[in-house]
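Sharing a structure, written as structure tokens. Questions coming.
As written, the chains take the letters A, B, C, D and E, and residue 1 is the first residue of each chain.
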Amino acid sequence: MGWLGPDELEALRLSLRVSFWATLVTLPFGIFVAYALARWRFPGRQVLNGLVHLPLILPPVVTGYLLLLTFGLQGPLGRVLAEVGIVFAFRWTGAALAAGIMAFPLMVRAIRLSIEAVDPKLEQAGATLGAPRLMVFATVTLPMILPGVIAGAILAFAKAMGEFGATITFVSNIPGQTQTLPSAVYAFLQVPGGEAAATRLVVISIIIAMGALLLSEFIGRRVAARVAGS
Amino acid sequence: MSLSVRLQHDLPHIKLDLSFDAPSGVTVLFGRSGSGKTTVVNAVAGLLKPASGRVSVDGWELFDTEQGLWLPPYKRRLGYVFQEGRLFPHLTVRQNLSYGRWFAPKGARRENPDKVIEMLGIGHLLDRRPAGLSGGEKQRVAIGRALLASPRLILADEPLAALDDARKGEILPYFERLRDEVSVPILYVTHSAAEVARLATSVVALQDGKAVRHGPASEVLADPSVAPAGIRAVGAVLQVRVSKHHADGLTELDAGGTSLFLPRIPHKIGETLRIRIPAQEVILSNKPPEGLSALNVLSGTVDTIRAGDGPGAIVSLQTTAGPVLARITRRSVDALGLQTGMQCYAVIKTVALAPHDVGGRVNQS
Amino acid sequence: ADGVLVFAAASLKNALDEIAIQYEDATGQEVTVSYAASSVLARQIQQGAPADLFISANAEWMDVLQEGSLIAPGSRVDLLGNRLVLIGGPTVPGLNGFAVETDLLAALEDGYLAMALVDAVPAGIYGKAALTNLGLWDDVQGKVAQTDNVRAALALVAAGAVPLGVVYRSDATVEDRARVMATFPDDLHPPIIYPAALTAIAGSKAKVFLDHLQSPTAQAVFERQGFSLPGQ
Amino acid sequence: MSLSVRLQHDLPHIKLDLSFDAPSGVTVLFGRSGSGKTTVVNAVAGLLKPASGRVSVDGWELFDTEQGLWLPPYKRRLGYVFQEGRLFPHLTVRQNLSYGRWFAPKGARRENPDKVIEMLGIGHLLDRRPAGLSGGEKQRVAIGRALLASPRLILADEPLAALDDARKGEILPYFERLRDEVSVPILYVTHSAAEVARLATSVVALQDGKAVRHGPASEVLADPSVAPAGIRAVGAVLQVRVSKHHADGLTELDAGGTSLFLPRIPHKIGETLRIRIPAQEVILSNKPPEGLSALNVLSGTVDTIRAGDGPGAIVSLQTTAGPVLARITRRSVDALGLQTGMQCYAVIKTVALAPHDVGGRVNQS
Amino acid sequence: MGWLGPDELEALRLSLRVSFWATLVTLPFGIFVAYALARWRFPGRQVLNGLVHLPLILPPVVTGYLLLLTFGLQGPLGRVLAEVGIVFAFRWTGAALAAGIMAFPLMVRAIRLSIEAVDPKLEQAGATLGAPRLMVFATVTLPMILPGVIAGAILAFAKAMGEFGATITFVSNIPGQTQTLPSAVYAFLQVPGGEAAATRLVVISIIIAMGALLLSEFIGRRVAARVAGS
């Protein structure tokens, strides 16, 4: 990577870290919400569904601004969390939060569809064999939706790698803390003659995201084959 | 009573309303498609919550709507063999088999897995996944999985319906062994008279959600009016003892003093068996038959003659081996001058006593 | 088009909207303004956008267009200027006699200083120059939260997410959750200039509107929005 | 030859390599699970492209790898009845039925839909969707759909395997009617001897991808060495004429001058039928039997005696009605002193001649 | 809508128009690409898959810039298309193009999953009954994937309603021509005192997008029930 400056390398490293954690930490929530939407009927289900989709629909700046108002140092949640030592504002963790929330709808949709494809009769079979609900989920549902979970997670990762608007609005751009690859791209595009540098970074992020996507197709297919038992 | 069921539930098309108490052994539920059999089994399993009712197994209550008692399925300790197998596709056969064992309570009576695997003949499949198994193999694994969950009751919903005759023949003996060797109560759903005949300790005939007939298998089977099994299923069940295996491939049975021959069966000498004599395989003769290829002749006196709807009649004969039923034409009844109390001979072909009519050891209980 | 299509830096929206309405009322001449980042607009003009008039928030992008002969020769004017101010949010005590050189670091405490991207966005570039000239940049560098545009920096201050920010005076005047703590002397940074020019495809109506923008009526509006006039 | 098939294809586990020419009527493919039956049918349908081969129907080539000829499935004009129905779930029964008609070439012989609907008894289902149908109803619709596509060949891959006996009994007659009334050639896959006996004009026995036996149904069925059908399937097929319907519910048939009685069948007087006499339902007697309830006695001379692996033997009798097979024990062969050329009597119970052994009208072709 | 100014009303109207056409015109392509990805194995399949996902991964500004370079008046494609009278640059059609491309991956994913859920055996059944490939698609596959198509289309519509970065970069922010609701929000957010107006517009777009989503769930479920034949 001789052709990347130290700042750019730093941005790349940070983007990878942010996207990785954004995906990893949101994954359990994503699975839970997807499961709830797919399998449970409860009042407010459609509201939850709408909320989950919100980041997909809102301009990212708005999402970022809402995050700032909520999780910022002065925000209601931000203040509470700061008491227990969890700070998002201007930290890479905040970038991860923003990326995670922006990617959440994609993750949930992918997982939800795979859950809907699991025959509830297999889950019933698990229950009759003595497995409590959570164990049925862990031993039957989860293994069977693994391809969907992997696809959803990697899609979320790719999305997180490209997230910019919400991130910069929420945690701004602090080199080494919150300056991700897309922020760097944006900065280069603002100045005349920055196109070449921007292109370099874009190519890198495309390679990473594409690699992740191909990987997800591949793993997904392997796991699907294994799960289908052939 | 080992299994006691009382259920009321409204389904879109039918009202389920039935109650029965069954002795230990195999209780067969039968009835037409849509009569509510699966619904009953699901209610017992806890997969469906009936409007009201009560189910207990060996005195242990699974639910009782009056008391507000409701055990969730995973606490009921059942082995449910589903019609479609429902094996876990992502687990190997071995993992499928041990699934229920993970959750069985510590103190539960445990089947020996090796014994079950051997009994079901699935030892060579353990490392394969369900997708690669044939239909019959799948169903055997499903039985093993249910059994190894240390169930207090086994539910089997048409476990053989999707299989062809050859595979049915492979699996039926396993259920007999369950009944005879494992002595877990079994609630078994089927359409097939042969299965009823071989397995049933008692039979509950369902129609439109109601239990229209309920009794020991031999009674229900001898009753031509029970529609689901069909007239061709009518037959008598005799208790016999294996007396000799002959060198020419025949096995001789002792049926109340008379010898019956049938193609070699694997049971040991001295064992007591039930064999079903299908009424339509029996020929009657009004004098001792001579020069016939049929080796089995039981003499007795005519007990009843019931004419059916069609050209046939069911003649019941009292023999030393027990009652034998014969389905013959009314024309023959007249030709032979059959009358109650008359001496008569039942002729049964050796090869007509098919292996699938020979039940396992007679249950001691 | 019948009317005049203006491509203008987004920070001019309030002022230009007002002027355009006045102008339309007075002349019946329709003025349409597309607001976006200067870089975006300049690139679009490079790609043949049908704009008649371009008002940039910095000189560099106008230079690029000029070099590409995409603006009408001789039409470029320095339309507006602006001042750079330090603003404080609701959590910052109003200090009398606040001096940037001495008090900035103390007022920041653990917080961040919000600025537009210091190497890419004009307000950030000017701010970085000013702080460098004040000898503060090295100390403050690690505490700068950069935003994609100057309004986002203001938003951070207004929301209390950061105590201080460096923004244009024109942005600060209207936001009542942020107070101007100090105005940077304009010799600390390159001159803040909003150049305007007719594009190569502009019609005569655009020229009339550009002239109007330099008229006292229009300039009054700009001043009211916190802009300064060139040469002042 | 109405159907000519030659195929070579390598599958992961077996090598398919077979060729057969079948006359018009029903050609039954049978063999164990995994022997390649579905693969053959799919190759004929064009759903699988074999490595090499040639298939023609009534002289019309579907493909020929040597010539490089390959008709895509939609140009083959087949009616494929799949094992699982494969009805279109989003279409009503009516729409499912007319699906193939939309695409049939203008000039094609068209079945009358009303006639087909009536024949299959699905008139009351037309506006329903497949999801609401019972298994038997689904399969009848699938048959109708295939038929109404004006096919030049009907393919049926175990169309009844998933159904219970009662539903099999409902549907089998429709295939007979197809064979007898519609006279489209049919390639039919089954495991069931009863289906073979009732339907087959000719039989191709498959084993590990090879055609191990091939011939008219009556020959293959009379051969105890053909494993797939099983020994219990062995039997003779007689050609008979309906001579009288009696008031007591019996139908009298003329079998080469001898009368046979069986429970009333719906066929008209004078019609020529085939009936299967399962070998194991036949009792032999070395003198004219007397005083027996069995009404049917055919006299003849012993033709061959073939001892089997077990305790049984197959005795073939030459009667005026044609050859009759009896499966009796070797012990009885000895007891009766049976020998080739000896006069002998075949005793057959009236009620043992089950409706499912009575074929439809004998095909004229 | 008395509380919306004429410009805002115009932006709303334009957004609806842009999103509607973006969805409608991309839908056939979406179905085609989804089908190809789900059912065909061809060289370059993974490249196509990657290309389709690109807009999801790239920062929208980059996508917009690439569109500008490609479909702009000076762009290679833009010039060719202009010859035949199709102009995207700085027209609402360009906004629709940008929105359509940004929404395309979501649409394709939803449709692809529903195609993968259709049993190819039913399609085979159609073929044996004499239906050529395209007819099989029209009479069997398409009706069965309708729920997925509807879900995909409405999701794409919702995404298009919120699209901003690519649109403003490609076709600028010209009121009445290319100023969509999110662009208007952006402009308001760039000046002091614009928050109230911006909030109003955001609320409107949320209501529309949520309405569309709820509708898609509802229609999807109805159609699924009808297609499943119950």
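In this text, a residue touches a chain if its C-beta (ideal position, glycine included) is under 8 Å from a C-beta of that chain, and two chains touch if they have at least 3 such contacts.
Every value quoted in this text rests on a predicted model; they were computed, and no experiment measured them.
Among the remaining chains, those touching subunit B and also subunit C are A.
Looking at contact counts per chain pair, the maximum sits at B-D. Using the mean of the Cα atoms as each chain's centre, the chain most removed from subunit D is C.
Subunit C and subunit E have centres, each the mean of its CA atoms, that are 35 Å apart. Subunit E has its Cα centroid 56 Å from the Cα centroid of subunit D. Computed centre separation for the pair subunit A/subunit D is 60 angstrom, with centres defined by C-alpha atoms. Between subunit B and subunit D the centroid-to-centroid distance comes to 30 Å (mean Cα coordinates, whole Å).
Multi-chain contact residues of subunit A, defined as those touching 2 or more other chains: 61, 165, 186, 189. Residue numbers of subunit C whose C-beta contacts span two or more other chains: 155. Screening every pair of chains for touch gives A-B, A-C, A-E, B-D, C-E, D-E. Every residue of subunit C that touches subunit E in the complex is listed here, in rising order: 5, 7, 10-11, 13-14, 32-36, 40-41, 43-44, 46-50, 149, 151, 154-155, 170-175. On the side of subunit A, the complex with subunit C involves touching residues 61, 65, 68-69, 72-74, 89-90, 165, 168-169, 171-174, 179, 183, 186-192, 194.
Listed in rising order, the residues of subunit A touching subunit B in the complex are 121-122, 124-133, 135-136, 139-140, 143-144, 226-230. Within the complex formed with subunit B, the subunit D residues making contact are 33-34, 134-135, 161-162, 164-166, 191-192, 230, 232, 246, 248-250, 261, 263-264, 280-281, 283-287, 289-295, 310-312, 326-333, 335-336, 347, 349-352, 354.
In the complex of the two chains, the subunit D residues touching subunit E come out as 45-47, 72-80, 82, 84, 86, 88-91, 99-100, 102-104, 129-132, 145-146, 149, 155.
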